Every structure is written in C-alpha cells, then in structure tokens.
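Questions regarding the structure given below will be posed in turn.
So that you can tell them apart, the chains are marked A, B, C and D in the order they are listed, and the count of residues begins at 1 in each.
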Amino acid sequence: MANSIGSRHWAIAEGYLPGWSTGEDPALQSHETCCVLNAGDAPANLAITLYFEDRDPAGPYRARVEPRRTLHLRFDALTDPEPVPRATPYASTIESDVPIVVQHTRLDSRQAANALMTTIAYSG
Amino acid sequence: MANSIGSRHWAIAEGYLPGWSTGEDPALQSHETCCVLNAGDAPANLAITLYFEDRDPAGPYRARVEPRRTLHLRFDALTDPEPVPRATPYASTIESDVPIVVQHTRLDSRQAANALMTTIAYSG
Amino acid sequence: MANSIGSRHWAIAEGYLPGWSTGEDPALQSHETCCVLNAGDAPANLAITLYFEDRDPAGPYRARVEPRRTLHLRFDALTDPEPVPRATPYASTIESDVPIVVQHTRLDSRQAANALMTTIAYSG
Amino acid sequence: MANSIGSRHWAIAEGYLPGWSTGEDPALQSHETCCVLNAGDAPANLAITLYFEDRDPAGPYRARVEPRRTLHLRFDALTDPEPVPRATPYASTIESDVPIVVQHTRLDSRQAANALMTTIAYSG
C-alpha cells in the first residue's frame, strides 16, 4: 500500500557542503538536503549519523516526520550534537522506526550559475 | 518481459518548483517532471498524491498513460484538485494499476544558466 | 561475481534531446547517452526500443557490447530504423541477452553553461 | 542494522573525466568521484576495475576504507596500475570484502559555471 512505502534503513555515500556561494537568496546558497517522505499513518522518528574520512562519526541527529508529511532537511541546519563542517567530505545513514523514502540533493552556487544533483538514497 | 517492466508503487521524496525563471522559452522555465513509461499492453491509470511539510496531502491527481507510451507530466501542469505551490517543499507518490517506470527531473533556470537533476524514483 | 553483474531488462522513463546547443565542441553539444557496462565474458546483444507520447514505439535499435567493455551510446547517433527526434519527450527500454548495467546521462548546453544529470536506469 | 548497510558488488556504467576546466580551485576542476561509505565495524578492502570501449580493462586498483569511515575517491587520483585517461568514456566495478555503499558524482567545469550529476551506483 502506498501509505507504507519505503524502508527503515538508508544511506547516502556522497556528502559535501560547498565552501561558499554566489547570490544572496538563502534558497540559492550552496546546500545539501535530505528529503524524507513519510507516507504512512505513524510518525517517523529519525536517527541520522554522519561519517567522515578521518574522524569518528557524528550523531545521532534526531528528527521527526509527522504522518503523511515530508521533511526537506538541510544538512547545514543540523546543530545538535554539532554542526556539519563545510568543504569536508562526509556520508550519512538515516534510520527510521517506520518506512520512509529518502532522496539526497545538492545545490552548488559557488560559480555564477547554480548546479544541481539528486538521487534516491540507498535502502538496505 | 520488457512489455511489463516496472512497479505499481512509486515515491519521490524531493519536490520543489523554483520560484522564478530566467529566459522566455517555456521549455527553459523552471519546472519538475514526473516521467512515466508504460511499456505494457494495457493502459495505466495513475493516482498521484502530493505531501507537504505542514499541511495535509493534496490529491489524488488522475492521469492515464496509454499502452506502449510515455508521459512526461510537468508538476506545474497539475490543476485538479489544486495547483502545486511554487517555492514550497513537497514529495509525491504515484500509484498505478499496471507496472510502470517513474523518473523525476527538475530544471532550475533561476540563474543565468539552467541546472538539471534526475533520478529513477523509488519503487516499493 | 563481478564479471556477471547486472540485469537483462532496463528502462529509462526520461528522455529528451534538447533542441539546440551553445558551443562548438561536439562533446558539449546537447545530448543524451545510454551508458552500458558489460563486465561479463560473453558479448551483449542489445535491443533498444523508444517510446513516445503520441505515436507507436520506434525500434528495435540493435547494438553490441563486447565482453569486458563499455559502450557510451549517444541517442543522437541512432539512425536505424530512424533517428531520434529532438525537443520531443521519449522513454526507452534496453533488453540484453546477458547481464549488463545501464546508466542514463543528459548534457544540456542550450544556455551559456552546460547542465548535467544522470541516474542508474531501472532494472526489472 | 545500520552498521552493515550495503552490498559487496557495485557498478557504475557512466564514466568520463572532462578534458579541461574553468577556474583555479582544485575543488572546481572537472573530476569524478567514487564515494564509498563503510558504516560497518570491519575495514573494507576495495578492488576497482575500469572498463573501456576499445581496450582491455585496467586494474584492479586497491583502496581501503576504515570502519565507520567514508572515502571520496577521485578517479583522477588513481595512478596504480595506471592513470585514468581524460576525455575517454569508461565504466567501473567496485568489489569489497564487506558491505559498502557507493555513489558516483561528476563535476564538470569546462564552461563558465560548473555542472553536477550524481547517482547511487548499481548494486548486484
């Protein structure tokens, strides 16, 4: 059924917050987003862990997605337990207690025109 | 067999219609597309539901894809039961009565040169 | 084993050859590519079918990928049985007699700076 | 469990290092990245093989990802047994002795503003 579509285990191997931006609009500042869809009837409680190349993981970061809602979570909005460093390669896993769908997007506006990329995350 | 490739349950966690565009050509206006392939021998009747961050879902939106045809449905062409708001995060599910393949694409022309992103949607 | 990785049935729901290009370099002309990896020990014989919104499918287009080789097939290079129309939505299926991996890429250079998008195709 | 998410067999059918770049910053030079997440408790030993259109494969290239770490491996950093040629279509397989997640990204800065594309690789 559509209202339980998804998986509880997700991973995004690519992660990088570009170090600067061109343009004033907050929506056009370089950023990455973890888009979560909870199409089901129960709230989704998320635990996000960030992995790095040369240090131990950070997290878990906690978030909640209400039933039949989406959450487009900007990685640069994460602060607890620590902010995500810029210009630093990272990766992430997203664990949920109910099925969700996760999609990863980056907007890079370091140069005069922004670039975009997206992919459905890996569900395992 | 190729003529029945696909799934009946699809989800796209990312959705965002950029708030403005650069350029006059309709094909270069900022938009998102839900590309559907019905490679089979029976028509596909679709029910699309849109999910938001802070309100109840919209839909279902109805569409039909004839046998052995594709439909590249622009989200900004949806009007019934309501148009899709711009500059607002959303997500979507696509239900079909026969197997289909769904791919999500955004063209963003807010700045001087357009940006593109695409992914095969999640099938569950 | 790595040398048989893949599937024999693939689909790409998005397809669109932009109608024009900026720049002289052939590699920077707007195009779409069907990238095929045949990591196995036997040749892959491909049958590609193109689907449209308002007419019957075109094809099959035939191609062959030798063992342990890749083929980056530009859709605008297809001519038999007919060329792919520009500025026209289409979709495609790729059938192979041995396992392959398929990835879809578009380069759009209609504006001053090119845009890119890619996704692993859908395997069914 | 999150700490064993992934697969041991991965493939990327698209591969192309653009022939030139605009801009001085190394992070903005045209490149492709094989992003690997090893969320597990054991090191991941990788064997990467590159496939071409008209010659035998190159490799295996060896890399190691420590437990609970990510590695964003630039293809233009590979040198042993041989560097990756520019402006040449290729594809790749990534074999690991423990489960990993692989994502493929290209940054193309041949023109005035960079373009990006990404996809979770194919796991088989």
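The rule is short, and it goes like this: a residue touches a chain if its C-beta (ideal position, glycine included) is under 8 Å from a C-beta of that chain, and two chains touch if they have at least 3 such contacts.
Per UniProt, the chains are A, B, C, D = Sensory rhodopsin transducer.
Worth saying up front: this structure is predicted, and the values here are computed from it rather than measured.
In this entry, subunit C (Sensory rhodopsin transducer) maps onto subunit D (Sensory rhodopsin transducer) through a rotation of 90 degrees when their C-alpha atoms are superposed, rounded to the nearest 5. Interface note: subunit A (Sensory rhodopsin transducer) and subunit B (Sensory rhodopsin transducer), two copies of one sequence, contact each other through mostly non-matching residue numbers (shared numbers fall below half of all numbers used). A straight line joining the Cα centres of subunit B (Sensory rhodopsin transducer) and subunit C (Sensory rhodopsin transducer) is 21 Å long.
In subunit B (Sensory rhodopsin transducer), the residues that touch at least two other chains are 111-120.
The touching residues of subunit C (Sensory rhodopsin transducer), when paired with subunit D (Sensory rhodopsin transducer) in their complex, are 2, 5-7, 23, 27-28, 33, 35-37, 39, 68-72, 99-103, 105, 107, 109, 112-120, 123.
Considering their complex, residues 111-113, 115-117, 119 of subunit D (Sensory rhodopsin transducer) touch subunit B (Sensory rhodopsin transducer).
Per the touch definition, subunit D (Sensory rhodopsin transducer) reaches subunit C (Sensory rhodopsin transducer) in the complex via residues 9, 11-16, 19, 49, 51-54, 56-57, 87, 89-91, 93, 95, 104, 106, 108, 110-122, 124.
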